[in-house]
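The following pair of complexes shares a single chain, subunit A, combined with subunit B in the former and subunit C in the latter.
== the complex of A and B ==
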């Protein structure tokens, strides 16, 4: 059990601090109401199952580290997607934004020393990646905010356009020397007290934006807009302006994701991100965030990101084809949305 | 009421046209501090348009709006709210997924002080305490202000919407059919609220189709017909027949035929 405790500590630790302080009396009722509760139960059942099915093999330190590193980028993307989906929006373009940001910063790096480039170049590359992501996200947000084009279409167009621009810039080939060795040896492979920097970064992003969502005006407006945009407008909230910010935040985090990707893999992987959007949306929805807007949490997304990650590793460890993971996640996803719908209907009747 | 003071809110000769429809033609309206004035009229008489103009949702094509005797031009509903004019909308302008306290303070959040101030961190305990007080003042018993509004009954939800407007209305509050879709007990409670708000010196403008209700709670009744104010009654001295007559125009068209109510 100690191994498990440390595992959930590493996985859900950042998020565990997030529920707002409340009286002990209200706690049990609140926990029972929270949609994260049953998702967390699924995660714990999976962990318990694999631990029993493969004693001593699952949840070795190596496994935990691997799961966390694999999940780190999806977690960062998932945090942004949580905000977007809570506004009743969607962003299909995240994988393409990640590629575009990676190519933009990668091209700069190639022309400023390549793999041997110095720290100054690394800093500029990071800024380029974040700026490209934010700008692309803000542009899509502005289009969504007009209210004339559904977010699904705006970001579907963005998905194609961003990827196309990346391919034009590179001729469709991943350029060599896109990432500095400095970046790879620090953020990519480095560790802080035994915890990979990628995981530390993802945890920090998760905690910060989890608190922003749960405890600040920005988060409150995000929920209000997803819940009833007309009410938000009547309350004097600049709905359009807030949507731009939310999509820009998603872009910023996709840009950060590109930095994490480059540091971890050293290549732009232009063709490797076409299903990022589906994976991240799945994780967010698994975590109890409603596709219809108004409800959700970063804590839920953390759990939602780790369910597929645990499934993949677990299935490999117990010797089942890991492709069963896709089947299982797909089924759970459909069930999760069904349950969300049921909850919504019963609540509205009551 | 209030003979020496100017009206708190007044409309003079307001016109508003939508395409071919002249929704308001030289409409007048007055509301005094500390009174409930009912605004009645048949469907299409221009009530909603007039309320929209007076609450800053629409700007009039012509005519003027006076707030405490001075001409005003509201830049929008938020501008009107800033000047103390609030509206409770018929279609419940609440965010159902937020709790009652968050809805009460939506757009006017209270933040934590100190170092957290620039981060706009919500001070939920303060907002919740204030919300409990605000609801208590309206005689609404909410067991838990942290429950999402969607989980409340229709009456409770309406109370939250009313409380939201009441908490911030310093001068005028418009209530568009505030008791529609409510049960008997809740209806009485909302009407109680209306009186209590009036007693604080706020002008309450009640838009309603329910004539007995209008006579029960209003101090004065203004009647709109075909985009124009056609009558103004003191509620104490009038009857449902008289109101309906003014609304439909039968009174001025057939003044001598007492039998014909249509």
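== the complex of A and C ==
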């Protein structure tokens, strides 16, 4: 991912700034304390292991492209989830928002030409998907911010309600002709200089929001709210309004995810997104973003998305029984959170 | 069981249970043996599934022809906690006959036994339960035979050489396991074809797409895939398209739902193995009607399967097997 360099600065938010140290020793200590370093090391070890175990099969252009394409949608969702989790929130509803946005834009497409619809319809469909996602996200954000309801409950309700609405609209069946052929042949299967458009789009989203998180007031507010909402409020930050924006951003990216899904799968897959939330939260936490808020980075999420992707692909390529994949991802997740806890404790003591 | 829907959130299931329970309260009641036309209820596995819609339509037509009162309902999801309240509401109504596609082989047995002991004749359609004392008749597709049919058609398209893989939904499901067994048994008779270990995608198209692409990386000679269900088939189609292998790797899938027929026409799937849900529905009503009349009942009925390809799909003898989205 091209986002890595630019997003590195987001490793520690202003609320978790390390004390400045001089010299090479200070630098290496600081790098070792960054959680990305550990997860990146795990990722590199995995890639090295599979490359040696399956020479000429694993670390090939085909394979890298394949892993990146399959990770693209989860990466886009993961970027939004990073913001949400840094505010010490959570969003369980992303898979349902994705389905709802896909169904809304898909229904429009069906009634305006179906698979043969033109570019104008495609543009409207994209706008509908983004608008539905953003609106649903903003609604959940407003409930979290003002309604005194925990984010876990708001988005758990949203998970059921959004999927239910999508099922009401479609009768529970994926409608045919939900995606235009134009959309599929461009974003879905097209390439830019050999790189699939899906990957280009995901990389662009990652870079943009990595920079937003690392270097803008929006990012600073996000970290501040997650670290200490009371302090943030006293410092004059509109905490409620900012939370609405963060959840709306998550919804927007879920809407974008639905466009990517329709372009590559060509169908709404109503039943196929029930575990998106767990996959994405796993990736974000693997990437070192703290579930307690106040700390995290987009770069970490990039690594966190790729660890399970590399594991699954690699284990299939070397022919290991599939059940080990779940064991491996689970073990790495628990280890990552354990390291996160130890680091927090040592920092609080120090 | 022909299709396993993903397990959606617990809340969703709980919400559906409440809704269905509420719906159940308003249903009317009659008792077995009461005068007037005999009543038959049908509870399917997933209400919105074209397979079950086709089965329901056929059962309804047959019941009308036989002068029986017929009502049908189905679970919103493939879930015990969703189907059980439906059975309970039927038990309150005490129909003369119940046709059911149980979504679990054991969990629903007590409810069904209770219903049976209160006088309702039960016919198990499509899926069944382990306890042999439940039901007077069991009607389903011969899934192992279906696996053979899929393997024969796929081997022919592959020219009897190359690797082949099964991507299924979940392990430990009797019907899909029987299909895979039939498939691998048949492929054993084709020495030029190597069967790779089965993969499971948990009903997630994205997982299936990644799995098929990874398999291609490891086995460039991959010539055929046997897809567990519709979601899996969609994921495989996307994976192959992204790898530019569409049409080169032949795909066989079960069922003949409307969107699968579209996929067959478009060339993303090469073989569809259709079950005969209409025959299952018709036979179910026939067997219950025989039981009402005190005539002999067939305990075990296996319905046929047919392989649909682009070549034969316009033949009326084959196209009658297409599933319906509505009656």
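The definition used in the following text is that the second predicted complex is superposed on the first by the 318 of 350 C-alpha atoms of A that agree within 3 Å, B and C clash if a C-alpha of one lies under 4 Å from a C-alpha of the other, contacts with A are read in each partner's own complex, and residues count from 1 in each chain.
Throughout what follows, a contact is a pair of C-beta atoms (placed from the backbone, for glycine too) under 8 Å apart; a residue touches a chain by one contact, two chains touch by 3 or more.
Since the structure is predicted, the reported quantities are computational estimates derived from the model, not experimental observations.
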First (subunit B), second (subunit C), both or neither touched by A:57: second
Partner chain in contact with A:157 - subunit B first, subunit C second, else both or neither: second
Touched partner set for A:171, first subunit B, second subunit C, both or neither: second
Contacts of A:319 with subunit B and subunit C, given as first, second, both or neither: second
Which superposed partner A:342 touches (first subunit B, second subunit C, both, neither): neither
More subunit A residues in contact [subunit B versus subunit C]: C
Which of subunit B and subunit C A:269 touches, first, second, both or neither: second
Subunit B versus subunit C as contact partner of A:218, first or second or both or neither: first
Residues on subunit A lying within both footprints (that of subunit B and that of subunit C): none
Complex interface listing, subunit A residues touching subunit B: 20, 22, 26, 30, 215-218, 220, 223-224, 226-228, 230-232, 234-237, 293-295, 347-348, 350
Complex contacts: residues of subunit B adjacent to subunit A: 77-78, 81, 87, 89, 93-98, 102-103, 106-109, 111, 119-122, 124, 144, 146, 148, 150-151
Touch list for subunit C against partner subunit A, complex: 5-9, 11-12, 15, 46-50, 76, 197, 199-200, 202-207, 209-211, 213-218, 231, 234-235, 238, 241-243, 258-259, 262, 325
Touch list for subunit A against partner subunit C, complex: 54, 57-58, 60, 62-63, 66-67, 69-70, 73, 92, 156-157, 159-160, 163-164, 167, 171-174, 176, 189, 196, 264-267, 269, 271-272, 274-275, 309, 312-313, 316-319, 321-322
